[in-house]
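Supplied in structure tokens, the structure appears directly below.
All chains are identified by letter, namely A, B, C, D and E, in their written order; residue positions are counted from 1 within each chain.
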Amino acid sequence: MDATVWLPVLVLGLPFASFVLLAVVAPLRRAGRAAGAVSIAAIAAAFLGAVLVWSVGFTREATWTWIPADDGPTATVGVLVDPLANAMLVLVTLVSLLVQIYSLAYLHDERPPSLGRYYTFQSLFAFSMLGLVLSPSFIQMFVFWELVGLCSYLLIGYWYARPTAARAAVKAFWITKLGDLGFVIGIVMLWAATDTFEFRVLFALAQEHALAIEGLGTIMFLIYLGAVGKSAQFPLHVWLPDAMEGPTPVSALIHAATMVTAGVFMVTRAQPLFALVPDVLALIGWVGAFTALLAATMACVESDIKRVLAYSTVSQLGYMMAAAGAGAPDAGFLHLLTHGLFKALLFLGAGAVIHAVGTNDIFRMGGLFRAMPQTGVVFIVGTLALAGFPPLAGFFSKEAILAGVWEADMTGPFLMLALTVLLTAFYMFRVVFLTFFGRAPAAGHPHDPSWTMRAPLWVLAALTVLVGLRLALGDVGAHHGPGWLAPLSVAAALGGIALAWATYQRGVVDPGGLAATFPFSVVDLLARRRYGLDTLYAGLYRGFLLSFSRLIGWIDRYLVDGVLNFLSAWTLRGGDLLRHIQSGHAQDYVYGVAFGVLLLFVWSQWWPR
Amino acid sequence: MTLETAGFWVVAVVLLASSLAVVLTPNLFHAVLYLAAALVATGVVFLLLDSPFLFAVQLLLYAVGVMAIVVFAIMLTERLVGERITQTSRHLVNGGVVAAGVFIGIAGFLIRVPRSLPRAPLVGDATPALGRALVGPFALTLELLGVLLVVALLGALYFARADE
Amino acid sequence: MPGPDVVRAFVLEIGLGALLLLVFVANLGIRGADRRVVGWIASWGVLVLAFTSFLVRPAPPALDGMFVQDGLAIFAKRLFLVATFIGLLASLGNAQPAFVRRAGEYHLLILSSLLGMFVLASARDLILLFVAFELMSIPLYVLSGFLKRQEEAVEAALKFFLVGSVSSAVLAYGLSFVYGAVRSTNLATVARASAATEPLLALGLLAAFAGFAFKIAAFPFHMWVPDTYEAASTPFVAWLSVAPKAAGFVALFRVYLEGVGDRAATWMPLVAGLATLTIVAGNLMALPQQNTKRLLAYSGIAHIGYMLVGFAAASASGVAMVLFYLVTYVFGNMGAFLVVEAVARSEGSEATTAFRGLAQRSPLLALAMLIFLLSLGGIPFVAGFWAKLYVFWAAASAGLYWLVLVGAVLTVVALFYYLVVAKRMYIEPPERPGRVQVSATLALAVLLCVGGVVVLGVYPKPLVMAALRVSAPLF
Amino acid sequence: MTVPVLSLITWSPFAGALLIMFTARYRPLAVRLIAVATTGVSMVGALWLYAVYDRDAAGFQFYEKVPLVPPLGISYELGVDGISLLLVLLTAVIIFAGVFASWTVTVRSQEFYALLLALVTGVFGVFVALDLFVFFLFYELAVLPMYLLIGVWGSSGEIRPRGIFAWAYRETGVGTKEYAAMKLTLYLLFGSAFILVGIFALYVNAGASSFSFVDLEGVSFAPAVQRWVFLAFYVGFGVLAGIWPLHTWSPDGHASAPTAVSMLHAGVLMKLGAYGVVRLGMGLLPSGAVELAWLMGTIACVNIVYGALSAMAQTDLKYVIAYSSVSHMGIVMLGAATLTETGLNGSVFQMFAHGVMTGLFFALVGLVYEKAHSREIGKMGGFGAVMPGIATAFTMGSLSSLGLPATAGFIAELLTFLGAWRSDHRWWLFPAVAGTFLTAVYVLRVAKQIFWGPPSPHFQHLEDARGPEWVALVLLVTVLVLFGMVPGLAIAPVDTATLPLLARIVGF
Amino acid sequence: MSLTAYLTLAALVFAIGLFGVLTRRNAIGILLGIELMFNAVNINLVAFARFHGDLLGLVFTLFTIAITVAEVAVGLAIVIVIFRVRRTVEADRLDLLRG
């Protein structure tokens, strides 16, 4: 094994080792902060390794048999290192590292065993996410796909004693699992047709146009369904806002920067296959754009700071998917990377705010900029990046997406995305104005957090700026759209900011009044009810699934088993009835003999021979 | 119509009539008398079948012996109970149907027997041969019968004695 | 003059006759009310005969072929002797006045019935067969009412007697037709006659079958069984439930299978139908029983059905498997009845509830009962399993898969009521503490049965081989 | 002379049972130590077997043969191939864990352990027996002790008589342990009646006067025989494998049984049924299998979905797990019905995975029940805080149950899915996949209800698992994860057995 | 007369006997029915013997007659003991044992 193999394996193995260590050595885990140190050390080392891999920038694939079979393995595992994976490796390890450091302070009130549990899960998550990134095959991707889902479930439910957290955790698991059904059916079908899960083989087949499988469109659609669940695309996006019940660092890491982008990553990774099915691609694009818009409208009416960010994540994931659907996966991937940085920044910033004021409600905050200026600065940097201001990272990637969509002649999605630019700026600045400016509520003495929380914020803010600058200087992966695109999007963003300023800072526009005027009133109403989707799902779950299961349960107990009990009861009763022929009267017994004789006579004549 | 045929019909009527009387008459004592008649009629059937020895056995051993025991038993129970010896029947129709069914079943086989089976020629008195057979090949059977009779007597005595 | 061959053929009968005389004389000679010593004499005598029977070798037919001491007869006689020995042993400890004072009569009746069985097993002549049949039956009527002070006992005797006499009449009636059809009372001649074509022979064999069916207690000729079993004294019932049944089966084999060749198959559907009815009715009617003896009576009827399955196979292996079944049934069923006797003597009740918590009171007795029940239920590693298995195997070989399936499924019903007794013993708590007192002779009898069931369960091979050997010449 | 290792594995628990009965009266600790030692011997034996099994040679190995009844062709013939190898290992693991999981049985513990060990001998015997007759004997031995084990040491639930058959429920006493014990025993013996008939039919039709599997394998039976005998085997073994609609003994039985018995029964005995179908049904009757695969697979799909939905409807914890077994056994049967290499491998793998998983579940439920004295899910809540170890293990079991990767359940389900889509009845894939989702719903719902949520003050005194109980949990969880991460451990030997089987089925 | 005539006569007597057994309430009455049934057997046997010119039937008859006597003796003894214990000979009232 040469370095090009063992280095990525090492990057993958370090968090795993940390996980196993923490999982098995209970005293270490129960020590809490020591567990954190172990986990952080592991992820830091992994980060260094990832940077090393990235800086060298090689492409390498290595696989080993996982599920053996007679004629070649059914499934393999391995590592696939290429530019796509390299970039993700760095992003994942970096954000993980920062979040883990941040968590040390953020969760310092937790009991040591709980904290140990947290870091155990964090290590597992880092391992799973890295494994997903390095997957050379669909099956390995699916394995880690599920594992990150598991970590998401466990970490959303970190405060398992809270009923809301418990509910949110299972909801997240179930909804993403729903999408994963498609994923697994898709790869099973693909395997049945091609006998392989490996990207390399599949891509080669695609290249040679040898992948003429009946129903490839269906297969790819089903696989895409996995991404719909994981990357919170409409209509399976409903779990992500609820997932905010988890600790904020978790939201930053899993539900913003890394795990939720797995769907985008997968679609990007499998681009050669998706490229074969333009219909599915178009669908991906439309759904992405629609998701982006829909989530943005919901973000506009949300009052929970984390939920606003969550909807914004959904919205941005929609962008990425739209890009992938428009045949511009590079743009989408770029946005994935930049979004990973500034959304993590935003979440961690929000975490600092929540940590300070003890509430999630933006209407109960205000004037915090003075109390926690450092947090304010980095949060505004993140917001600007998200809103798409040059020269911050978000501007370029979003620009590239818009360009890609435009060039793919997908006007509808383009318009939706463009509108979303405006809305994004609006709802983010709504948060900024309400939180950091305006009148402060009387309660509490909020202040900037300790350095363990501040440092990650600054690092991320710096990276957001630096990456933006880097993108401004060179044109890494940027699409050159039409010349009017950049001004348009900047203008839209400015418009959004202006509207937010006018509404929430200056108060010249009454938000209530604005929401009451047509057509905003309809959107407002629907958005506040989350377009009825949560209700729909809850209704399906309770009204259909649980009721149906109760029906089946009833049928099983009282019909299927009932028939059995009926038979056995009748056997018993039959015995009871039959013994009445045993009347106790001697002559009735002679009747028995007589009947027996008759029976023999009759049988001897008419028995079928 | 030969003598035998005429005799058969007469005896058959008597036999069946007295048999029916046995199972239908309400007075148990009369029933016993009708049974005696039936047994005697059976003896006559034996005579018609050229078996005078069996006629004798039937009359002596069977008719008289059985009658004696039965009458004895009736007397005994009547003495104990001190009431009239009437008896009633149960489920006459059911019994009739089943008995008729059995008869029809038997008849169903009998009608398939060829009618023209000739009667074997008479070979003189069978009684000495009978005696030889009983002490010859049927010696063991006879001995067993002896044991049987003893045991039956033993059992009857065991039940009948009033001690203990 | 009887030659040595004749002596060889009759040695067991002569021995039994001598024993009868000895018991008779001893009974006369005893002064005082306690005549239980007669029981010891009879038991020892039967034991000696049992040992002798294992030395007896087949002999050529005697009395113009009326009487045959072949393998089947010897096999059956060994079985009768073992069963009788166990039955006598178990009744030795019986201290009821009737048994103490009338031990002479009791044992004379049993031994004479045994003599009837002996001859029945060897009879190849219709007349001899009928007489032996009656010699076997009549003492049983008396014995079942032996407790003549008990209302139930005498009632049972009357029922047994009435049904038995009617059946005897039917049997005799049938035999008269058989004789009429073939002009001979020799079974070999009967066997050679062409059966189905001759209506008189068919009628005769059918009617005679009804008579035998009464004796083995097949449905619907079984109806005397539960009442008689419930009311008569238990050791006698234990014996009654096995020995006359075995004799009945041997007689059935002699009349219906021996030497008839392929014609045997004509009986297959009839017997199979009767077997089905018997299995179903016996098992179903056993289900609601609360009295253990009654339960065992009905289960015994079901077992007869299983044996009829083997008979229905109408093959040498079928006969052999019935014989094997009979042996396991001797041990299993007698054992179960004897445990009931033990519990009833101690608890004064024959209800299944008397068994509550037996496992905690007398674990060994409970274990013995469990073994018997498992054997009766046809569970592996005890004798009854092989018995069922072999009859099924024989039936399957004859193509009667449906019958095997019916039998096997009904085994499950049977297990229900066996397990109910097991539940009383093992799962339910005892109603009162203390061990169940068992007399030494009864315990020995139970032990013999356990031994039989377990040994046959673990190593059935020699007996199976023996049964196959003796049944092969029938065809 | 070689050591008869299969006999050693098989009879060691039985020897333990005898030892316990005769030497350890009123000495509870000795009882347990004997049980640990003798099952330990089996476990070591099984591991050794697993280690030295020659994967290249394949076929039946560690062959033993002693004639029992030569004229009928019955002999004590043992051997293992890849499939039985894995199942022997499973049995060893489960019983070893089961001995620890029932450490706290106090009532009549001597008899309890003796019966348990006797039963295990039956289970081992079924997996290693090559003579159909001996196979059947072991089968019965594995079923019967259950009656007393449930009847004496079980627990009663409550089921209200309702519906159109309500009177029948009152008549049979549904819900009590006596009812459950009786139902289970009779139902399984009912199944064995079919098996017996099937075995006889084969024996008679082969005319070979041998009950040996190896001999019968060489006979090709007439298609009609194959069809009917396969059906008999399918129904007979299917009862034990919990096929719909013959499964209703299983929820009642498993719910009423004491911990170790539930573990063993759901974990291993139900596999006897599936193993029987695969080994005898498919192994001896290839054309019958092909002809009736549609039936098997379709009913398996019903099992998967129906079992999962039924599980979802339950309010009694043990019933949930019991119905989950019904659902998961559907995967086993489906895998077999696909008649493909991956499907069969998946089937066998699922036997193993489900065995460990459900063993773990029942061990946990037993612990929870023992501590909380309740099986009502609705009455529990927040146990995670007081019993984190049990909660963790339960979560692990849940995850395997819903087929999460890196647990054994995933591999099994994946392989079955792959097989299903390659079979002649592709649509089987969809109910099977839907089943995993339904499983996720009910299993996580239960986990949430019991372990998550605010801790109730009522249950604050509860304790986590202790001492010997940990042995069971850790052992089972480890196996579950190990085989999930390194599936080759199981598949490599299994594949050597499924391939020849398939060659016979598809290539006949 | 033909053989069939005798056999039919016997069959009728047999059926009448059976009828009596089934319908009489008094135990002694039932016994009389049984007698009739055995009687039918005898007619059969003698008829066969005569038509076949054979001795065996007569031998058989002798044994049957003797056995019938023995049966009746035992039967009557049972009736007597029943009467002594239960004060009735009505078969219908003897139903302590049932089910």
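We adopt the following convention: a contact is a pair of C-beta atoms (placed from the backbone, for glycine too) under 8 Å apart; a residue touches a chain by one contact, two chains touch by 3 or more.
Since this is a predicted model, take the numbers as computed values, not measurements.
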Note: chains that touch chain B and chain C both are A, E
A correct list of chains touching both chain B and chain D reads A, C
Chain centres computed over CA atoms; the one at greatest distance from chain C is chain A
Chains sharing the largest count of C-beta contacts are B-E
Maximum distance between Cα centroids and chain B occurs for chain A
One chain's C-alpha mean falls closest to the whole-protein C-alpha mean, and that chain is D
Per the C-alpha centroid definition, the whole-Å distance linking chain B and chain E comes out as 7
Rounded to the nearest Å, the gap separating the Cα centres of chain A and chain B is 101
Whole-Å distance, C-alpha centre of chain C to that of chain D, is 43
Averaging C-alpha coordinates per chain, one finds the centres of chain A and chain C separated by a number of Å equal to 77
Touching at least 2 other chains, the residues of chain D are none
Among chain B residues, those touching two or more other chains are 90, 94, 98-99, 102, 106, 110, 113, 138, 141, 145, 148, 152, 155, 158-159
Residue ranges of chain C touching at least 2 other chains are 127, 131, 134, 138, 141-142, 145, 148-149, 158-159, 162, 166, 170, 202, 226-227, 288-289, 413
Listing every touching pair of chains gives A-B, A-C, A-D, A-E, B-C, B-E, C-D, C-E
The chain A residues in contact with chain B across the complex are 587, 591, 594-595, 597-598, 601-602, 605
Interface with chain A, chain E side, in the complex: residues 18, 21-23, 30, 91-92, 94-99
Residue set of chain C touching chain B in the complex reads 20, 63-64, 66-67, 97-98, 101-102, 105, 108-109, 112, 115-116, 119, 125, 127-128, 131-132, 134-135, 138-139, 141-142, 145-146, 148-149, 199-200, 202-203
The chain E residues in contact with chain B across the complex are 1-9, 11-20, 22-26, 28-29, 31-33, 35-36, 39, 42-43, 46-47, 49-56, 58-59, 61-63, 65-74, 76-81, 83-84, 87, 89, 92
Interface with chain D, chain A side, in the complex: residues 65-70, 74-75, 113, 139, 142-144, 146-147, 150, 153, 157, 160-163, 166-167, 169-170, 173-174, 177-178, 181, 184-185, 188-189, 191-192, 545-546, 548-554, 556-566, 568-570, 572-573
